[in-house]
Structures are given as structure tokens and as C-alpha cells.
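What follows is a set of structures for review.
Each of the next two complexes has subunit A plus one other chain: subunit B in the first, subunit C in the second.
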Partner chain A sequence: MSGPATLPAPEARQSWLIDGVVTAVIAIGAWQALHAYAGEAAIASPLKALRHLSGLVATAGFWSHATATLTAFAGALAISAALGIGLGLVLGLRRFAGEVAEPILSGLYAIPKVTLYPVILLIFGLGLGAKVAFGVIHGVIPITLFTLTAVKGINPVLIRTARAMRLSQADTIRTVLAPAVLPEIVTGLRVGFSLTLLGVLVGEMFASQRGLGFLIVNGISLHNVKQTTAVILMLVVVAVAANGVLLWLDRRFIHRP
Partner chain B sequence: MTRERAIALTRIAWLAGFVLLLEAVCRLHLVNPLTLIPPSEMIATLWSMLASGEFAGDIARTFSTVAIALVLSIAIGFALGVAVHALPRLRRGLDPLLASYYSIPTFVFYPLFVAIFGLNSVPLIVLGMAFGVPAMILSTLNGLDRVPRVLMRTAQVHRLGRLATLAHVVMPSALPYLLTGVKLALAYAFIGIIAGEFILADAGLGHAIAYAYDGFENRTMYALMLFVLVVVTGLNMTLHAWEGRLMRRRARA
Partner chain C sequence: MAVVAFADPGGGMPATARETHAALRGVTRVYGRLAALGPLDLDLAKGEFFSVVGPSGCGKSTLLDVLSGLGRPNAGTVTFEGAPVDGVPDGVGIVFQEDASFPWLSVRDNVAFGLRRAGMDGAEIARRVDYALGFMGLSDFAGAYPAQLSGGMRQRVCIARTLVTQPRLILLDEPFGALDQQTRLLMGDELLRLWRETGATVLLITHALDEAAMLSDRIGVMSSRPGRFIEIVETGWPRERDSRIVADERFGQITARLWSHLREESLKAIGKSSSRKTSVP
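Presenting the complex of A and B:
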């Protein structure tokens, strides 16, 4: 479901950095080779894309599209996180309900949710609401599943202690469960972050007049491949950087060795 | 056993209740029929559509594309997994890539794939493999890592050759984990390919659904959606059950 969460030892950190740089260099080399193979009309070269991107970020039109995507994404992520963590905690605490719901959730996770997009458009209409809803249906399930698994895997001694101390359910969640399951929830949020972004962008690519997803498809239909390549480059860099920051926070403060 | 049955029955009751609720909401005209149609009508439309063979071409197109992407994901992912497992330094080098790969919204590459490969099945296959190959690599690595050392030593004691060890010891032990990879590759192939067909394509189930949506053909749209969801869920559940059986057998052995 997610990438591996292996923790590099301190001395391995430097080689990790070198490996990252090597990976980036190989990726750029492959991009350049693809450009040489497919030609100017299909994919812009790394240098051209970068130059076009630097021109693009100077225009106000670009920022209105970027803001549209960011607004939808922020809303969708906030709803996914609140809903997913809440649902995961409740389902994890009530074993029976959890076991009833878990296969349904995994089933929902594995279906092509794009097919449901027209229903969402019919309910919310074209615009921000539909994009947020589409981001939520992608992001909420992994966050719920990670939280649910974390609560189920919690040391039963902790729960029994809380019961012996007669803590109410709200107090149990706040003082015992939440700290114990935090690492898993952070991993779930990282996966949810990526999938919510994916959902919002797919929504924009299919039916929207605004947003970065729209710019990508628009570039192709106007034979402006430079624009498509530049926006994709920016999205990939932002997504990888955001993931890197979340991974770093995770290692620095939560999964501390 | 009774608890497991109670769980299964409750699950079925919830799902049935949800379908009945949809039916009731539609029949009582609480929602606009232009937004949602009753499940019974979806089934009836789907039935007549399948009988008339109207969408046989789209169905065949999508399923053959998924099949190709799945076979390629499994073959490439397994081969790369075995190779990476044999080279620990490369494996460590791939760590940063694998840690950030899943954060990339792969679908944004689809229009570029279309520009590069043309509007045919090739960009869809590439999109379908984009998540399937790494999932298969990770599952292969996982399976190979978990071959019990005592089994490997037994193979050594019996002086099995490299290939014989692979065929009689490694593969049977790693099989359940490989099947997990196959299950994920199948789910990702469907997700990627139907999404690609949805965004930009000339045929296929995703395209048919998007086309029906654009033409306000609600009955067709809902019937096709139901078809996709039922078929994909059925396939996923079959693989899931098989995986569970293999895991249990491995645990017993």
C-alpha cells in the first residue's frame, strides 16, 4: 500500500543522500533520452521545460490555476484526515464493527474510483465541491485503514490499564490511544496526502476549466507540450518534496530510533 | 466460527441495507432521477446491455489492455525483484526512489504518454504498469526475504543446485507474498487503465462511461459503472481468498 518505511542508520544517511542524487540524475537522463526518441512534439526536453516553467510562474494566470488546485487539495486533505482518523479510531476500538468494515474498506480501496466521478459531478456540480469530494474518496480510505490497523495492533495492556483506571472513551482516545497510534497515523497521512492529490488532479483533468490538472490536459489539446511538461515537472517536484518533508518529520520526531 | 459468521452476516446486512436505501430513496423520488437511478434499474439495464452485446467491444478492449498490463507488471516486477534481491547495494540505492515513488501522482503523465505513444492501448498499458511494477518488486523482495533460513540450509544439505533450490524451496515459500503482488498489480492495472480511458481514449469501459455522462445517458452510465465495480470487486475478492488460503497453508507448513 505504501512505500517502505525503513529507517537509515545515522552513518547511512549520507549515502542515502548520494543515492537520491544519483536517482535524480538517472531520471533526468532518461527524460532527455525519451525526448531524443519521441521528438519535440511529444515531450519537451528538461532544459526547455524548466525554462518554460520559470516563465510560467511569472504569470498571474498560472497562479490562479495553482491556487484553485491548492484550495481543493487543502480542503480535501483536511476532510480526509479528520474523517479517516475519526472513523479509524472508532472502528479500531469496536472490534466487531472493525471486522465488519475492514474488508469493505479494502474492497473500496482497490476499485477504480474514477468510475464514480460522474456521480460526484451530478451531486456537486462542476467546480470546487466536486474536486474536494473526489479528493476525499481517494484519501479517506487509506487513512482510515492505517488508523484502524494501528488501533487493532495496540498493546492490549494499555487498553486494560485505561479500563482499570475507568477512563471514559474520550479520555482513552485522547491520553492512551492517540499517542500509541501516532506513528501509524502519520504514515497513513503520508499515503493519504499523495492519494488526495492524485484524486484532485484526476478530477481536474477530466472535467474542469481551472487548476493544474486542467493545464496539463489543455497543453496537450492545444499542442503546447512545453506547458504540459512544465506543469508535470512542477507537480512531481512538489509531490516528492512534500513527501520528503513528511518522511523527515516522521523520522526526526516520531519514529525516532 | 459463530463469531466469524456473525461478522459475515452483519457485513452482508449492511451492504444489502445500503442498496435497499438507495432503491427506496430513488423510488420515493427523494432524489432527482437525473442524479441517481434505482439499483434495480441499473441491473435491468446492465442485463439488456450485456444481452445485446452493445458494449462487447469496449469490454474486450479494456480487459485485454488490463491483461497485457498485468502480465507485463508481473514479469518485469518479478525479474527486477529477483535481480535487486541479489544486489544489496543496488537495493539500498533504490531506497530513496521507492520511498518517494508512490507520492508521485502518476496519472498526470498520461497526456504525455499519449503524445509519445499515440492514442492507442500503449499509453494505457504503461499507466497500468506504473504502480503495478513497483508493487510486484516490493512483494517479490518481501517474499524472498522471508524464506526461512532453515529451509535454505536443508536445501544445502541435500546439495540442491541453484535452479532446483529456486523451484523446490524458494518459490513455494515465497508464493503467498508473490500473490499479494499479483493482487495489487491487478487492482492498480484496473485503476490506471480505466482512469486513462476516462481522461482521454477512443474506446474502452472508462471511455464509454465518460461518453454516457457527456450525453446524459444516465441509465447506460450507471449500468456500466455497476459492471466495472462488480467485476473488479469479484476479481479482487477471488485473489484475496486465494492469497489467504496460501498464507494459512504456509503458516501450517
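Presenting the complex of A and C:
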């Protein structure tokens, strides 16, 4: 490739690795300290949790729970993303509608979503529908807000450039507006990813007999602290890894201004 | 409005004798209650190099907006190649004052953008883009992204992106604003060469008086806001010219002439007036 490289400099990559290791060490240290403080009955030690987890992943029952969570999460994320991006684009392009909707959305975003759980349970009953709905109510609003803000904040000279090149409205949206707002949307999706996962897990705790969220509360009610801690450990590792992958994709493929 | 000619008879081009390429008649532009431009008349002769100088905020970018068809005048008419302007006409290329490079595209893809949208054949696009990149001194950065470039380089990307479409009327709004003086002079030479080779009409907005004096056939000096032409200076340079004419004695005369008008207007634009200053004992 000619010209400057697009990968971060080696020093940058190395410091990333160091940051990761330091964070992990601090987290494990804090966990161990918490375990020492709260005792065996509240939280298992890192080592015990890891040992239990390795036993757990060998059972078919565990994987059927994990699959249930994954199914609900995939559905909820797809709905959150499609709805959030679509709504954000429309509201951002229609200035007036956007100005009306934005404070409403921010208000909705701020209210504690737990207050909606009874309503959702009444509508969807127990099971997959409710889990997905829990995920969506957490994930959709941040994705909408990020998209809306990106569209409203687009550099006006880019749109003027499109007009100067006599692009049709459809071409302007496809070849200028969409790529211009993509970085913000990707950030919105990253935030939406975590919040949707949170919503699905909470949904499983309240409204299901299946899934990892259920395993967590089940462990508590059966005084099986090892199970609860092990499942949480796995979720944290998966979430951090997924976030890392999304961040990497972002840095690798998105050229921020 | 005075018209001052520094022309050698038979030297440059007698702008008045030429076919009109674009024209403004009684054009005004108002933003809310702020009168930004005019009333103003302008005839751009086909193939001429016209520069606009004027104090900051006097309405130069607004003039470009209206002339290009991006904005409508509140009064008056705009014509390009004989037809009324409504939206940017085919054949008009614009380089904005702000950086308008697309951050998600490489330099090469930025420059090729307009040609791809127009559905041009790939080999022809590659040929034109390579030429424009070389022309703008960007060949080594074809694969880079705007975030990796300096402000002046990004502006050159925007110039190249406009030039590859081979407009018949090129509108440039302070395109060399982010460049150092040496590069600016050399880019001026390149622009002159391109202008000669393509026969395009050029309207260049600039705040650099020497740049206007060196590049132009005619220079429109604008008043403070609302901008009007207070003088049109004809330089009388031959069509074959380059930055070495700064050594010509007429170059100094033209620059001095521009400054004598602009000093007064610029003082007004920043809220002072030279008469007040001279009244101090």
C-alpha cells in the first residue's frame, strides 16, 4: 500500500495490550477481595468460579440455557438495530419530528426500565417474547438517539458538496449521508449491544425458566453460589470480548474525521 | 463603479469583447434581516480568470452560493451559458471554503467520487484521477484517508475532486487559504496552467491580494457588507503567465491599487473607520 499505514503504530497496539492486562488484574484482585470480605456464601472465589465454569460448559443442560439466551439476544439486537437506525434516520432527516421526538426519547431513556416490566409481562407473558421485549426496550433508544444525533450533526458542507455534484436525494442519502453517519451508528450499536444483552438477562431473571439470566437467579435461590458466580464470569468474559471485537472492527474499518 | 485598466493594448484578453459565460443582474441576498450581498451585477466572460477580493464577512461566499445555484438570490437574476440558474447547472464545479473531503473515502476515492457517480468508464476515471493527483501533488497519498492529511492537503483533495469533472465554470472559495505562501504561489501556477489548457472560466475568491494580482485577468473589489463591487481592476496580463510576474512593476501597482480600496473597506468591516482615526489630533 502506498501512503501512510492505516494500522495503529506498534507502540499503540502494545499499550492496548498492557491496558487490558492491567484492567484484568485489577478486576480479579477486586473480586478476590470482595470474596474475602463477603464470604463463601455470597460470592465464590475467582479460582472456584473458573473451576465450576469448566465443569458447567461440559454439560448439555448449560448449553441449552446459553442457546436460549443467544436466541433471544440475537432477536432483540436485530430488532433494536433495525428499529433504532430506521427511526433515528427518519427523525434526524425530518427536523421538526426530530425536535419533538428527541426530548421524549431522552426522557424515556432516563426512566428506570424496571417500571415497564409488569406491563411487558402482561403483554407478552412468560417466555421468549418477553425476553426479547426486555432487550429491545433497553437497546432501541440509545441506538435511535445516536443515529438521530449523527444525522442532525452531519457537516453541512458535505451535503452542499452532494448538491454541487447534482446527486439525487436517494444518491445523497446512500453515498454521502449514510457513510457520514456510520461511525456514530457503530458507536450506538456498541452501546446498544451491551444494553440489549442486559435487558435480555434481566428478562430471563423475571420472566423465564430458561437462559443464563435464569441460571443466575436459580443459583441464588438454590444457594448454589458457585453456579451464579461462574455464569456471571462467563457473561463478563463474553461481553468484554465482544466489545473488544466491535472496537477493533470500528478502528480497523471506520475512518473518523 | 470604477473600472481601472492596467492593460497593455493587445496584451491579455479584452474581457468586454468576449462572450458572456455567466451573469448576475441586480442580485441581492438577505439572511433573515441581515443584508449580505448586493445589489450587484457581474458579467463573467467565457474563458476569463476573475478574482474577487473583499473584507471578511462582506458576502464573497454568498456571491459564490448564488452564482453556483446552491442558493437563490432574494432579488435579481443569475444566468449561466444563457439559461437561468436554478440549482447547480451541469458544467459548474465548486470548491468550498471549508474542508469538504469525505472522511470515509481514501484520497483516490474522494477524487474519483464525482466521476463514479456520473457512471464514467473505469479506465477513463483512473486516467483522470491519476492526472489530478499528480497535478495537486497528492500521488504519494492516494491511499491515505483525509484524517491523515494536513488541512492544506485536504483542500487540495477537494480541488482535485472538482477539477477531474472538467467543469466549464470553476468556482473556488479561498482554496489556498490553508497553504503556505510558497505552495500557494506554485499552486497558483498550476491553476493558471490548467485554466489555459482547459479554457475554463474561473472565479476565484481570495483574501490574498498578491494572489489576485498575479492570477487574474480581472479583479472585483468588494465593499464591506452588503457586498458590492466598488472597483473592477483589469490586469492586462498575457494569457501565458506564471508567478514570475510578481517581479513585474505592474504587479506592485495592481496590488497597491487593491489595497488602497480594501484598507478602507476592511476597517469598516471590523468596525473602525479611517476618517475617525485621522480626526484624532
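By definition in this document, the second predicted complex is superposed on the first by the 231 of 257 C-alpha atoms of A that agree within 3 Å, B and C clash if a C-alpha of one lies under 4 Å from a C-alpha of the other, contacts with A are read in each partner's own complex, and residues count from 1 in each chain.
To be clear about the criterion, a contact is a pair of C-beta atoms (placed from the backbone, for glycine too) under 8 Å apart; a residue touches a chain by one contact, two chains touch by 3 or more.
As the structure is a prediction and not an experimental result, all values here were calculated from the model.
Using the contact criterion defined above for the overlaid structures, shared-chain residue A:Thr175 touches subunit C, although it does not reach subunit B.
Taking subunit A as the reference, the larger set of touched residues comes from B, when subunit B and subunit C are compared. Looking at the shared chain after the overlay, A:Ala239 reaches subunit B, while subunit C stays out of its contact range. Once chain A of one complex is fitted onto chain A of the other, the partner contacts of A:Leu247 are limited to subunit B, with no touch recorded for subunit C.
Legend: residue contacts after superposition of the two complexes on their common chain; A:Ile120 is shown touching neither subunit B nor subunit C. Of the two partner chains placed around the shared chain by superposition, subunit B is the only one that A:Phe96 touches, whereas subunit C remains out of contact. Looking at the shared chain after the overlay, A:Ser15 reaches subunit B, while subunit C stays out of its contact range. Shared-chain residue A:Ile220: touches subunit B; no touch with subunit C. Common to the subunit B-facing and subunit C-facing surfaces of subunit A are residues 2-4, 6. Against subunit C, in their complex, subunit A makes its touches with residues 1-4, 6, 155, 157-158, 160-161, 163-167, 171, 175-176, 179-180, 182, 254-257.
On the subunit C side of its complex with subunit A, the touching residues are 68, 70, 87-88, 90, 92-94, 96, 98-100, 102-105, 107, 113-114, 117, 140-148, 165.
Residues 6-7, 10-11, 14-15, 34-36, 92-112, 114-116, 138, 187, 190-191, 194-195, 198-200, 206, 209-210, 213, 221, 224-225, 228-229, 232-233, 236-237, 240 of subunit B touch subunit A in their complex.
Interface residues of subunit A facing subunit B in the complex, by the touch rule stated above, are 2-6, 8, 12, 15-16, 19-20, 22-23, 34, 38, 41-43, 96, 99-101, 103-104, 106-107, 110-119, 121-123, 190-191, 193-194, 197-198, 201-202, 205-206, 213, 216-217, 219-220, 225, 228-229, 231-232, 235-236, 239-240, 242-244, 247.
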